[in-house]
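You will see two complexes here that share chain A, one where it goes with chain B and one where it goes with chain C.
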Partner chain A sequence: MEIEKDLEKLIEEIGGEDFQKKVQVCYQCGTCVGGCPVAWVNENFNPRKIMLALSRGEIDEIINNDLLWFCCYCHTCLERCPQKIPVSEIIVKLKNIAAKVRGIPEGYVNELKMIAKTGRISSISSATERRREQLNLPKLVQTSVEKDIKRILKQTGTNLFLEKEIKK
Partner chain B sequence: MVDAGHHPKINVLTYSELEEVRGFVGNFKVKVKKKPRFVIPEKCNGCGLCVDVCPIEVPNEFDEGTTTRKAIYVPFAQAVPLVYTIDMDACIECFKCIEACGKLEAIDFSQKEEIIELDIGTIIVATGYDIYDPTPIKQYGYGRYPNVLTALELERLLDESGPTMGKLYRPSDMKAPGKVAFIQCVGSRDDIHEYCSGFCCMYTIKNSLILREKYPDLDISIYYMDIRTPSKGYEEFYRRAREEGIKFIQGKPSEIAQDPNNHNLFIYSEDLAKGKAIRDEVDIVILSTAAEPRPDSRTLGSKLGVTSGPSGFYMESHPKLKPIDTPTEGVFIAGSSQGPKDIPYSVAQGSAASSRASRILSSPEWEIEPLIAFVDADKCRNVRKKCGICETRCPYGAIIAPEGKPAYVIGAKCHGCGTCVADCPEGAITQLHYTDVQIVAQIHAILREKPEEKILVFTCHWCSFGAADTAGNSHLKYPPDNRIIKVMCSGRLDRKFIYEAFRIGAGMVLASGCHPQDCHYITGQHHAERRLKAVPKILERAGISPERFSVKWMSASEGQTFSKVMKESSETLKSIGIERIKEENEKAKPELEKRIKTFREDPDVAKILLADEKVDIEA
Partner chain C sequence: MKRTRATKEESNLEKENKDYLLFKGCLIPSSLPYMEVAARRALEILEIKITETDNFSCCPDPIGIKAISELTWLSMGARNLCIAQEIGKDILTLCNGCYETLKETSHALSEDSELLEKVNKILLPLNRKYEGNTIVKHIAEVLYLDIGTNQITNMIKKPLYGLKVAAFYGCHLVRPSDVMNFDDPEEPKSLDELIVALGADSLPRMRKMFCCGAPLLGVNMDLSLNIAKENLDNIKTSGVDCIVTLCPFCQTQFDRNQKVVERRFNKEYNLPVFYYPELLCLALGVDPYQLGFDLHIVKVDQVLNKIK
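Up next is the complex of A and B:
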């Protein structure tokens, strides 16, 4: 039920009555897959099949599949789609639904923890700093975790995933 | 082509442009601009000595720029007429050609542009198409990677008398290729051109088979979204290509990359059958580029009164029934100027156009339907102030409203839709056989008895009347309370007819016509729709329930729709009830009376109105 409601909301967000014009016009040409850098690493990741399932209303199939989380938002598919379907942007929305329904994969939680702690996905290593110095790049600044990061996490609702994790 | 050049009754004007067309079917006055060739055709014997001495070389258009030509040239060996032309954009005026020509004295640098006037009976527009230049599709690298070719460039390379004598080489190093790939739908079926170019699947299969015949060991793949082979013998041809080992890979490539060292190409695509991303290394990639309208097609069209559709190709008068006709009688379209098409289809359409044209030319007089409109010059507003509404309503350019003068109809151009009649603010235009008098008389006859129990239906001749006909032929049942008045086009439906019907007590009025894209008069339905949009609000303000008036668009095959609409209307009529209808009509009368004021002013229409009122008083 929850998913169905989300699907309705998603359709509304993607363009309401224009959903058909924006998603169901997909004629399964595979341009998105041909240019997808993830499809090269993981041959099971296939944005075309995600669009196919979506246009047929099979949203649980997408959400229950962890492959959805492999998209890295390079937006090549969106750029090259001959029908101008915003594939990567739709995937963002699908991920949001999946996060609500099923939670987010462990790797993302770890990244979140790191961000909450340091403001970065990975810590600054001395090697990085040395390289930057050699290249005449400015030193990396420590972001204010308390002031900025926490606020961003709260406003985007991402902190909920952290809280869940802590409760566990 | 050569035969046409020699035919005593065919006059070929090449290197010429259409300047102006005036007049009408059978009587066109056409101005043609003949551009100067700087070579006198009668003196030139085509020996080509001038070409040998010309020092200027520019890319050869006929060879798609794969070779060069001189500033003095013939476009290609079989050109008609075989006369040289000097390209003044390239010529440096060294006059070496004059020396080479010698005693023939065929070269004349003093030639000027010339305008000639011709009396023409019929015109066929067969201006063809252009090929989309795929340079803007950056991910395919055309123009940057030497080994990415267009299909037309390949055609030149495969031509036995072409630049490579029919041999295929990699342009980067002139080596023989081991592997080639075709990519379909480049610039068509996408956001560049929405339409399918139609003939590319077949020419790609043809080219792949020519390559197979020439190079039996060549590895050939075709990347496609859908292979479209719908005509006679085409599917068999496709099967033959598969038998010959041509690889068909479903998937539109996302990108072509190039190895900078050896200019080998990498195609990144999905293989849909496998559901996997693939990378293919090939020597040559051939892009099957879209066909597109010629850049000047709209300017030419406006001179001829021929309209272009959203894709830019010329619009036929009706998508199914008038595929070669244009809004201007006596002007026909044929071939790819009307839309991308292959050779058999183009030949069929060209033959149809010429036979239609000769039908007109072979008769001393050309008959048209007697349904044309005419303007009452005394009533026309254009004399007093700038109006010209009628001119904008006519899709055929048959009405002309000169400034300060009354508008007039060119009878031979009028097709008789009546749109101008309904939209004339002064009621100055009349359509023969569909006059206001005739239509009002019909309304009155129909509504003479028990008008509040009747549904008055306006239909157009071609579609919604056809729908009613189909409903009858199919023995579909619907209540007998409707009465039909037929006009040629819904464009003729004056709002006053609807007000008059309600004024004299009609229960319901239904206006109908064709679906928006099906109008037999191109834009008549469009104007009707716009005009009728305001009616429900006006009726409501006058006190008439808006559900008592409706508009329905249907095609001639929609008998089911017609009977359904009639059933629904009948139910609505019953649910409102006669008492309420009578009440509403009584209340609305003064307002409606105001709206039909011009009917009162027309003595012939007023007579009908008065006659009925007299009967009422007597009763």
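Up next is the complex of A and C:
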């Protein structure tokens, strides 16, 4: 339930006046593309085009294109945009929508699974323990962090989302 | 410099109370313990006290988790900030990712009371309530502003004269600059100055503030390695002996994945990669055998021999 409500709100936000005001000032100068490390190595990825599509309300086209996930969130575009458009932050919102409508890259499913299970993104193996001991590092105490995290995931609808992703 | 940094006056005030709550993060304690060793030793020698807790979760990751759900990302971040609030200390992070997540969460929830209320509703079943304004610092920030480069230079026992270094800041140490507000987002100087403080040289290069590419490892391996290669090419061309990082993701990308890039693109870089506190420890006279250098993938002997 939460997921659908969330999605509606997000789409409303992106299509809404405040947001569109921010996007409409984009004059397609391409400064964001010039500094983008992903565009540098893959010419198909283009934040300027994402902004253009967004200003035309073509949200479906953006989220149906897997290239959206290529943004590595380095914020160079946000820093350089002469119109002060927070490009990277806008792309995150679009990813939030794409996640709910179409799902997420497999790497992120695994990361989320790990977080739901342990509250962290890496586990403590016996090899880790040994290495830490050799280096005179304090023992890592396993607390029940994951109980809190499970509650948060439940409250934000992310646990249901994860279940759906795992079943795919 | 476009942005103002914390002034020296402010950092002097803090000098009396250098006691931070250590946020170890996920990756360092489990996969890169040598980074933790160096950070702990350096802080100890520079007399920065740390308090610890086992109750932190993943920060969480500002790229993957935030892309899935901003609200989940904020709520998990806020839970961690609540723990710092309960203990009553500022947070010290060892990782750019943790730094961005926790600092941005603190910033966002302090600016937007509606959002804070929303997040606190999510934290209610956890019996936690976030009040806002937790101070979050990166270890580089503590070294640069609390201790200062002069003090570091005064304390070193084995200057790293002649060592040529590529400073790799990593994106989230400085961007988004209106939130991080630590150093210039395009031409930062803190890490370069911290390197020079040890007697080493920090050399210029092309596209210095490029992303390391690590965030894309779980999305598209090719893309991630292509970005790593772009960086490694520019670093090699600049004529340095080694790379210095401030983040476990950059560290992994250049140390572990350097070999992968070499194989894939038929290249040879042979560039040892150090976490800044490791170099700092060497300059402070810590015995290299205590620092776990054998855990590095690219062997560091050539650098150790050079600075002997």
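By our rule, the second predicted complex is superposed on the first by the 117 of 168 C-alpha atoms of A that agree within 3 Å, B and C clash if a C-alpha of one lies under 4 Å from a C-alpha of the other, contacts with A are read in each partner's own complex, and residues count from 1 in each chain.
Just so we're on the same page, contacts are C-beta pairs under 8 Å (C-beta built on N, C-alpha and C of every residue); 3 or more make two chains touch, one makes a residue touch a chain.
Bear in mind the structure is a predicted one, so any value in this text is a computation, not a measurement.
Student: With both complexes superposed on chain A, which partner does A:55 reach: first (chain B), second (chain C), both or neither?
Tutor: A:55 contacts neither chain B nor chain C.
Student: Figure out whether A:34 sits in contact with chain B (first) or chain C (second), or with both, or with neither.
Tutor: A:34 sits against chain B, while chain C stays out of touch.
Student: Looking at A:43 after the superposition, I want to know if it touches chain B, chain C, both of them or none. Which is it: first, second, both, neither?
Tutor: A:43 contacts chain B only, not chain C.
Student: Just checking: does A:82 make contact with chain B only, chain C only, both, or neither of them? Give me first, second, both or neither.
Tutor: first
Student: For A:141 in the superposed arrangement: first (chain B), second (chain C), both or neither?
Tutor: A:141 contacts chain C only, not chain B.
Student: Report for A:65: first if it touches chain B alone, second if chain C alone, otherwise both or neither.
Tutor: Touch partners of A:65: none, neither chain B nor chain C.
Student: By residue count, is chain A touched more by chain B or by chain C?
Tutor: After superposition, C is the partner touching more of chain A.
Student: Where on chain A do the contacts with chain B and the contacts with chain C coincide?
Tutor: Common interface on chain A, chain B vs chain C: 40, 76, 80.
Student: Under the touch definition given earlier, write down the residues of chain A that touch chain C in their complex.
Tutor: 6, 37-38, 40-42, 69-70, 72-76, 78-80, 86, 88-89, 92-93, 95-96, 99, 104-108, 110-112, 115, 119-125, 128, 131-132, 134-138, 140-143, 145-146, 148-149, 151-153, 155-158, 161
Student: Name, in rising order, each residue of chain C that touches chain A in their complex.
Tutor: Residues in contact with chain A: 26-27, 29-31, 33-34, 36-37, 40, 52, 54-58, 60-72, 75-76, 79, 121-123, 125-126, 171-172, 175-177, 185-186, 207, 209-211, 213, 215-220, 223, 226-227, 230, 290, 292, 295.
Student: Residue numbers of chain A touching chain B in their complex, please.
Tutor: 27-36, 39-40, 43, 46, 48-49, 76, 80, 82-84
Student: Spell out the part of chain B that touches chain A in their complex, as residue ranges.
Tutor: Its residues touching chain A are 139, 185, 189-191, 225, 250-255, 268-272, 275-278.
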